[in-house]
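Next, two complexes with chain A in common: one pairs it with chain B, the other with chain C.
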Partner chain A sequence: MIKSGTFKSLLRRHKNVLHFCQLSSAAQPQSDPKSHSFRTDENDPLKHTLDHVGQYYRVPQNECKVYLYGGLPKSYEIQTKTFNETCLMVRKPSVDIINCLKGLDYTKPAVRFVLFGKKGSGKSLTMAHVLHYAQKAGFLLVHVPWLGNWMRNPKELSSSETREGFYDLNLDAAAWLVHFKSQNEHLLSAPELKTTREHVWSKRESTPKDSSLLELIDHGINRLKYASECVLALAEELKQLTKAGNCKTLVAIDGFNAFFYPKTRVFKEKKEVVPPNKITLTEAFLSLTKFDWNNAAIVVTVDEIAIAEEDHKSHFPRYLLGKEGFEHLDPFVPVFVDAYSPKELTSCMDYYRERKWVRYFPQQDEELASLSAYNPYKLMKLCISL
Partner chain B sequence: MLSFSRKIDKTAFRALEKHLILAYSTSSEPQREEEFRVLNLKHVKGQTVQRRSVRKAEIQPPRTTQMPVDQDWGNVWPGPRSFHPATVPLPIRQGYTPTGVAPGKYANAELMKIPNFLHLTPPVIKRQCEALKKFCTPWPKALDSDEKCERFFPLEVASSDYCHSSPTIRDPLARIVSVKFKLGVLGLEGRAKDKFLRLVGERYDEQTDIVTIVTDRCPLKKQNYDYAMYLITALYHESLNVEPWEELKSEADMEVYIWENNASKTSIEALFGKEAKEIENVEQYSQAVVRYMNEGENQYTVEQYGDAVRKILNLPPVPR
Partner chain C sequence: MAAIKLFSNNLKIIKGSVPTLSLIIQKNGMSQYPSYYIQPVYKKEVQEELAKTGEAQKLTHMPTRAALNNQTCSHTQDDLVNLFTNYVMKDGLKPLARGLIEQAFENIKRIQLEKYHKCQDPEIKAQIELDPRAIFHKAVENCKPIMNLTPIKRGGVRYQVPVPITPKRSQFMSMKWLIAASKEKDKNVRFHYQLALELIDAANNKGRVVKRKQDLHKQCEANRAYAHYRWS
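Coming up: the complex of A and B.
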């Protein structure tokens, strides 16, 4: 009797050890295609189809740092750090856009896609997936991670030297130039990406014609004073080069409706509000989202969170963009990002369980589904404490 | 010694006193009538007034108890009158008590407050109609359907006459004239119709297409009728009239979104580099935009718009 008792306790201890081993190994990336239908082995977004909807794929760590920098929402980024891997769910809107991008006729004017949906339904992550695809497909990325950072939380404001009544956000512009450079490092060194005209910054400083785009960008980064001007020049050059067929460009702007929302939190010295159309950066990106160039595609999101809280009334594009914004983008392809489908929710919960992030209990998925109303963000928040 | 002498004094005094009182009482006997009368407010004793006994009216039993079953109700209750429990042979209850049943019909103010139609029972109405029949003219035979009535007599004029016993035979309410007609019979189109609707405002009912004009500002019915006719004429001609400032109406003043006047058309023309008419599937697209703008934003209109854009730009449809 005593013997068998000790044996049992030994076994239990051994089990615990086994369990512990599993836990520690869970943090390591692993893939077992047979047992995990919530995961796909297809980590290449070029090959994602509707069959992969609801499945997670892994973004390599190095790519994630470069291409999706700032593209993931903060809370999701923290979670990826906890999980020790960046996984994105393949969802219908992103597959839809990728499918459209594959079949686009790039000799025709640029097509605009507008992602819209309720708060926390996964617009930014859909965009991240599209970005990953675009990077793989060899697009030059013009990516603004979150427009709210400029319009609602600017670093610094100075009046423009070249334009009367306009204002520069030079620190933000320079930060964006760094981001743009790191995202497109491998493409920018191509010899055909040269400036089409001379850019004169001041009496002594200028970027001559036929210098590489990298030089132009570096000038903006090194001479903060000209950062906003440099973004304008870069936008113009990119349009020219893309039109000429030297590169394919994908413009991705998150929170695009902030460009048309008059009540920004950019203040002059006397606390007067600067409307977005008086900010030089706006001009550059509005020019990039027009349809008057080809070889390019434009994906933007309209988000309630990009505007002041008192105006969170509707998540539809016409309301968020306003008349002016709608006319600017029209005709655009609205892409609705819905809440999770039951299949996606199960897949998400399976993923969390595999990561040992939530512990299983019976009827867990049903309860969480009704508590979160299938909203991805709410589900993530609910699972933090489980 | 001292106390003893005092005692003697006392007894002597008392004897004297007694004697004196006796003497006084005997001497005051004839002066009694002149005694000062005391005012006694507490108890006034006087003659009690004889109370008249209240003669109670003799209460008749309720009339309902003596009513024959086959009586003519129109004669019992000939005109409008507030409820009377003894006349109405119905076991009616009305009102509310927190405990128990609703109060009965006797001494029930609630029943007297509400208007009743006991004077307008179906046989009475029938009898009154029969009596009025000899004053009526026959209905025109040709007007055998509602459509014909509406076509030949598009105008409907209504006013009221009042007849009751009062010192004056005039009732101020008799002056009010209301005129109704269908807007369709005026034959107004587009701009003129829009102007007419703006002029009449809330007098137009969209569901039935009827315009109602009520005039009551003149003292007489005839005057009000003439004024209503004048108003209709003025409204008609004014809405056909184009004022110079009406030409200044811009896009922002439009009550509905018209695709042809908007930036949407110019941008799609610029996108394709040709006239809107020559673009394929432009019809569906323009309709989708118009519906999107006019019906307001919802999941359905956005989806329709998206489908139209995908079609015009030759993109694959949304995966369902």
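Coming up: the complex of A and C.
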């Protein structure tokens, strides 16, 4: 059963995004002319260096809604609404990745970056920063905001028509296609992005060779039944086009280890669990994270929260990915996202105070630092009632 | 200074005749501490003050109770908020009660900040109170009644007689009303959200709880003719 309401809301978002650029964003508070140490005026992620580490920069509201849609954790999104602006802290892992992306040789096979760290240390926000950079640097973004939504909270399940024993998450796939389209609106209209072969969906429906990618995506969105197939076809096309040098691609997947965790919450009719390797979407994104293509970069996070709670035992990639997943990603560049440094914590508290979120009392920073153990999420939680 | 007063009382007990066992038991109730144990001084400022005046020297060798686990020297600690948490608590589920209060404070902050950012006029903007604790204290203060009605039977008829109440009773009633008002809500509104709304309203001297207080005062005023039943 397709829930028409959900799909309608999807389309509505699609429409909104299309017209978003014309909408003027709400009145933004102007930043103080004098420079604060916790805030940088350098709002362009292309120019961020290690000197900016620990400082906040502002993401324009319209960019945030389009490019970081779903990329910010929900609790952070509520904060941005309260603070009336979206600010991200420049941190070392993201600057490191950005520096790497700047210096990469794109004729070589794609490099995989794996972000890992304890719960609440800021992996997703690091990725959001990288994503913002990639968007500015003209990458085509293939961004899965949170894989847990598919593996642990799927909208609907249907068995695949073309593949024996496989299952489709068509509603989620269509939602992702809408997201992909809105993120890359400006790039997809380029004339070079054309399908390299004909895609046949059924007896009567097919997408001919040399039609634009937009047509392919629109077909997936309009014909929900073929959304998962369309994602597969899109992944294949993107690989071909990127290899041919028509575009630069950044694949960003949050909670990547969910692809290798057998106990999903995707259930068949008799409450039988569908493992991730029997879901068509998995295939598309696993093929995108292989290193058999160039002109691309891949950033994934491995996160404990993407798997069931009883298995939150370690935050290291080898445990979270398992043998199979580790071998799939190997060789990769591990990027450890650590807790706040004392400087970052002070800057975070300064930011909260400037936004009038917390009131100052003597030795506030020291007390909260020891209570939160410098963990960004815990710090945020501790500050909610101050 | 309560601690010093208690200390001198205790000193009297020790220096004077040895208290009889029955006295200790009577005074002590269920406590594991004998009655001559003094309350701990856990706030840094109070400790410093005691050290300055030299009282600390006297307290050094007094038998002292251990501090409770919610008595810390942190600036986030607030006696009135702790008391309120205990009033909210049911079945001894303190972490739950504490969480509700914290969430209520979070909601207060979010609601007030939204007002703050919406406001264009800088003068009004500066007046918006953003501190949830200040709002809480103001709300409790604004809801305190000064009189209460108590039923007294005279000649087979129960009269609602206005009586003055102690500050402690008045504070308790204020907090009780705030909690009761927050529980009276739509099914799909959370308690902590409603509590936040009630606190903000009460701090601005509006809302249901303040009205309840005023209604009680009015009733007391109307029943003033019965006041003499308190004595006769």
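We take it that the second predicted complex is superposed on the first by the 355 of 386 C-alpha atoms of A that agree within 3 Å, B and C clash if a C-alpha of one lies under 4 Å from a C-alpha of the other, contacts with A are read in each partner's own complex, and residues count from 1 in each chain.
Keep this in mind: a contact is a pair of C-beta atoms (placed from the backbone, for glycine too) under 8 Å apart; a residue touches a chain by one contact, two chains touch by 3 or more.
Note that this is a predicted model, so its numbers are computed, not measured.
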Item to check | If touched residues of chain A are counted for chain B and for chain C, the larger one | outcome: B
Next on the checklist: Contacts for A:Lys356 in the overlay, against chain B (first) and chain C (second): which applies, first, second, both or neither?
Outcome noted: second
Checklist entry - Between chain B (first) and chain C (second), which does A:Glu327 come into contact with in this model arrangement: first, second, both, or neither? => result first
Next on the checklist: Looking at A:Leu386 after the superposition, I want to know if it touches chain B, chain C, both of them or none. Which is it: first, second, both, neither?
Outcome noted: second
Next on the checklist: In the overlaid three-chain picture, which partner chain does A:Gln364 touch, first (chain B) or second (chain C), both, or neither?
Outcome noted: second
Item to check | Which of chain B and chain C A:Thr82 touches, first, second, both or neither | outcome: second
Item to check | Residues of chain A contacting chain B in one complex and chain C in the other | outcome: none
Item to check | Of chain B, residues touching chain A in the complex | outcome: 262-264, 267-268, 270-271, 285, 289, 292-293, 297-299, 302-303, 305-306, 309-310, 312-316, 318-319
Checklist entry - Which part of chain A faces chain C closely enough to touch in the complex? => result 29, 78, 82-84, 355-357, 359, 361-364, 367, 384-386
Checklist outcome for this item: Seen from chain A, its contact residues with chain B in the complex are 50, 92, 95-96, 99-100, 103-105, 108-109, 111, 116, 291-292, 314, 316-319, 327, 330-336
Item to check | Complex contact set, residues of chain C against chain A | outcome: 74-76, 101-103, 105-106, 109-110, 113-114, 116-117, 130-132
